[in-house]
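Each chain carries a letter (A, B, C, D, E and F) given by its place in the written order, and its residues are counted from 1.
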Amino acid sequence: MDPVVLFFLLGVFAKLARSDLRLPEALYETLSIFLLLAIGLKGGIELAKVPLGSVAVQAFAVLAMGFLLPLPAFAILRGLGRLSRPDAASIAAHYGSVSVVTFAVATTFLSKREVAYETHMPLFVALLETPAIVTGILLARMGTLASVRWRAVAHEVLLGKTLVLLLGGLAIGAAVGPDGIEPIKPMFIDLFKGVLALFLLEMGLVAGGRVADLRRAGVFLIGFGVVVPLIFACIGAIVARLVGLSDGGTALLATMAASASYIAAPTAMRIAVPEANPALSIGVALGVTFPFNITLGIPLYLRLAEALRF
Amino acid sequence: MDPVVLFFLLGVFAKLARSDLRLPEALYETLSIFLLLAIGLKGGIELAKVPLGSVAVQAFAVLAMGFLLPLPAFAILRGLGRLSRPDAASIAAHYGSVSVVTFAVATTFLSKREVAYETHMPLFVALLETPAIVTGILLARMGTLASVRWRAVAHEVLLGKTLVLLLGGLAIGAAVGPDGIEPIKPMFIDLFKGVLALFLLEMGLVAGGRVADLRRAGVFLIGFGVVVPLIFACIGAIVARLVGLSDGGTALLATMAASASYIAAPTAMRIAVPEANPALSIGVALGVTFPFNITLGIPLYLRLAEALRF
Amino acid sequence: MDPVVLFFLLGVFAKLARSDLRLPEALYETLSIFLLLAIGLKGGIELAKVPLGSVAVQAFAVLAMGFLLPLPAFAILRGLGRLSRPDAASIAAHYGSVSVVTFAVATTFLSKREVAYETHMPLFVALLETPAIVTGILLARMGTLASVRWRAVAHEVLLGKTLVLLLGGLAIGAAVGPDGIEPIKPMFIDLFKGVLALFLLEMGLVAGGRVADLRRAGVFLIGFGVVVPLIFACIGAIVARLVGLSDGGTALLATMAASASYIAAPTAMRIAVPEANPALSIGVALGVTFPFNITLGIPLYLRLAEALRF
Amino acid sequence: MQTHARKLLVVICEAALEKMLIEDARRLGAAGYTIADVRGSGRGGTREGAWEADRSIEMKVICEAAVAERFAAHVMATYCEHYSVTMYLDDVSVLRPEKF
Amino acid sequence: MQTHARKLLVVICEAALEKMLIEDARRLGAAGYTIADVRGSGRGGTREGAWEADRSIEMKVICEAAVAERFAAHVMATYCEHYSVTMYLDDVSVLRPEKF
Amino acid sequence: MQTHARKLLVVICEAALEKMLIEDARRLGAAGYTIADVRGSGRGGTREGAWEADRSIEMKVICEAAVAERFAAHVMATYCEHYSVTMYLDDVSVLRPEKF
């Protein structure tokens, strides 16, 4: 197994065993800033080389997918799960959006397997971040749209640290290119996997702390947290193939679709839909889907991509 | 453009767009500790090789320059700007002192252009830090020198983190030499530019937050923040040539003269001359001069150095 | 001298000169988390290769040493030093346990001297951490064992960050092996000495702040802090030779025996034996023994190991 | 030394509310505020500040009784139902009444 | 706006006591607590929080007078002899009495 | 449980004053103090603690009324004109009067 995943399991173990281990909050923030910038930079370096036309088509498809993904999730949560409208909408927003760290783990998985992928994939991470949140809010507020603090929410999402750092990194990478990045490579490229390992240790501690929430969430949500990623991965893979992505790119887009946001979405939904219970959405996203994806999901999504060639 | 400068611009953009992006305070402190140590170490490694006599002459000239630089700045601020004595003295102290990060950006600029420079230049950064602060306090307190809390100020400056880490790094570097530094090179040398990039992101956030101060400062101070660095760069370049520095060394000393302190000087002047308004000095130093120097100034100072050969 | 030791001296100097230099608490925590994981990982990589039988015998001997080391220390502290039972027991626990950073400095010393050592030594660091604390508590509480909050103490020690990270690192290293560790090597292996240097700067600041405690501790304890490590080093070296360790391994086990814990032991003893004065144990462990070991002790212990061949 | 009575209003809540509370405080007449990062536990479970959505802050506002009452009522009405919020009022004395 | 009188108990002490104090508070009837990291100085010397054994915390508990008294008495009896502990009580008003 | 009345003096100010305030507090008779890092806003603008010159602290001193008055007066006279300082006094009860 990839060492970065073992770091995650170490964190989960430490938390469940009620160890004192606690990473300083400033370290958590630092690691996440680093990862976002580094992912952006890596994507940006290659972005300049790609023909704009083909990227535009792909980007449009990805955006559309982001807006639509919450709909089936919402239907399942309301129909089968009988959750309240705000809770269903909030969870649907989390699953329609994307987890940057799951994406990062998937890229390390692919490079270990020596599977090539389109290097501008981080752009799609940035594009997938927001649309599902918008759809989620619309679903929660049908009929009472006037009451949404749209400005606060838009600000939170569009100028939140995730998008600013991802897009900022992309822009800098595209501006300076592979040669220009050389002097900062020892930090942002060479250390990437080590930093990811440390961040996953912290994520393990956080996810371990969410296990208690799962009891409240109940069996339905736990199942949801495993099944919906599988469905979404298929959707992501199909979209990827339709816009002509390679095996690696298809596996990555499937992973993005299958992953659930735990940074941008929780903050935005907390402000936009306060009556949704965050313990539910975060509990299942971090306590079930995140561990599932980084251990079993990602290898599965690669197989899926390889099986789905047309 | 150098990627590190783009990180700065990203920070400024994020702040002006009122993004949530905020680097943890502990990260800011860590990065600045790292940079000071690393600059010191790099300078120290080579210090042992340089003949002591020639360095002593250069050092003396640099020290003298440090004591004298605030005088013309003070005259301009009082004469043209009609600022109060404490404000003029405080700003003069900031501009007479030196910005370590501007220096760091200049060294990465030179190494990218493959312009050689005297590797003991960090020693001069350390030497330039303090004298202007002394002159600034004298200018503020003419006639009422007894009221200065000299002990507190001396302690603040001489034992502040800037000098302790710069000189400490120099001493360690000189003591162990290039071979001894080898085991810690992956951290302090290889990561230098990446850390600088991250620090400049933070500096961008801080500088962006100072733009509001500029309105209070007015047009005069904004002009001051661009023109005086140019004048000081000339003075620095002339001093550099007089003591026989190379092109690169001349460009660096010009940069040091042109840069304004925003770490040592603000803290010291806050204690020594509390009636000076820190929004003015920090506003112009960080909001005007720092961005000007790292974008337009440094390339200009290299041209200046190349033009000024005698 | 090794640069990492010079960083320690710089920290001591800064503290004694009452400099403002202060590393953020989050940085201290981050560095110690990094070091523990990195030491564990390095040890774990090789652990898989070693025949289990020989390690088991060594481990058993090391464990026994850990349980017994506090006894002579306690006897000296009670008999010669006339310290109260709780104080003597607490100090004995500190000296019976082990300082991870002293161990790290010793490994950099050995690799600089190109002295080979058994790469599974970090396992013994983990094994030595706890037993002396148990013995120390027993010594303090003879007759009133019922009053010990054993559960709290056991939790504190066994699930404290030191053991979790050391053993976690060992397990991950053993699981993925040298190849698996490759992607995170630039961080956890290449940066090791640089991080150690920074951590020693912080340790210098902390140790410098403990000098005042030494006055309270008195001449006896200061002497104790130098003499007992020498005695313990001999014991450690003999044990090492008995279980067939190499020169390097012997020097390392001698160093471990000679070192005094300042992370696990203080926290555990504070909870288990609150009436012991922590200024005494920490004062002598950090103010005397730690500096002694990393400057003079370690080279001495290597000589000792080389002299003691049978 | 002449002192003047003021109210100290303390709001302990999820960090997500920080920006909105600052705006509200200004709008309702507070001349300033002070915020510290904290962790804690209450009805809404334990918040350890380990990551974004788990952070808590403590906001202090020194102001006239009328402002405190208005702000407290606004927080009660706007946030208390759906967010983790703890609030209390204290009587304090200040030296420079014009500041608060 | 109707307010209700409660006690605010503040305990400033070594960070080593955090876990035990939380347990004690719960057991003795407190419905919640808030903790902040602090540094300081007192009889037991200066604690700057530079490393593990040097950290201090400030714990706040809002509760009924009886609970405050019980908790304070327990802290006095259990920890004050051997640990650095500073404690004080304050009278505060809360809006939702059922919470505390 | 017998309690004793003391004053709690709280000073919120620029971090640059920390060392001087500690010295002053000791000199003027305080037996201890507690400091926390904070951020905030007031007359002197917003201080977010993003870098050295932008940091704020909150200092608490529990002491007898006379000491509090002396210290508060000293802070007013020495620092309030040119620095960002907010100060308030509160009445609190302590259990161990000899400590404060």
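We take it that a contact is a pair of C-beta atoms (placed from the backbone, for glycine too) under 8 Å apart; a residue touches a chain by one contact, two chains touch by 3 or more.
None of the values given here were measured: they were computed from a predicted structure.
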| item | value |
| --- | --- |
| Contacts common to chain B and chain D (chain labels) | A, F |
| Chains in simultaneous contact with chain A and chain C | B |
| Identity of the chain that, by mean CA position, is farthest from chain A | F |
| Most distant chain from chain B by Cα centroid | E |
| Which of B-F and E-F has more C-beta pairs touching across its chains | E-F |
| Rounded Å distance, chain C centre to chain F centre (Cα mean) | 40 |
| Chain C and chain D: spacing of chain centres that average the CA atoms, whole Å | 45 |
| Of all residues in chain B, the ones touching two or more other chains | 22-26, 186, 191 |
| Multi-chain contact sites of chain F, meaning residues that touch two or more partners | 36-37, 90 |
| Chain-chain contacts as defined at top | A-B, A-C, A-D, B-C, B-F, C-E, D-E, D-F, E-F |
| Chain D-touching residues of chain A, taken from the complex the two chains share | 22-23, 25, 28, 152, 202, 205-206, 209, 262-263, 266-267, 270-271, 274-275, 278-279, 282 |
| List of chain E residues in touch with chain C within their complex | 14, 16, 19-20, 37, 45, 48-55, 79, 81-83 |
| Touch list for chain A against partner chain C, complex | 1-4, 6-7, 10, 13-14, 17-27, 108, 112, 186, 190-191, 193-195, 197-198, 201 |
| Chain F partner contacts - residues on chain E that touch it in the complex | 12, 36-43, 56, 58, 69, 72-73, 76, 80, 86-90 |
| Chain F residues within the chain E interface of the complex | 1, 3, 6, 8, 22, 31-36, 62, 90-96, 99 |
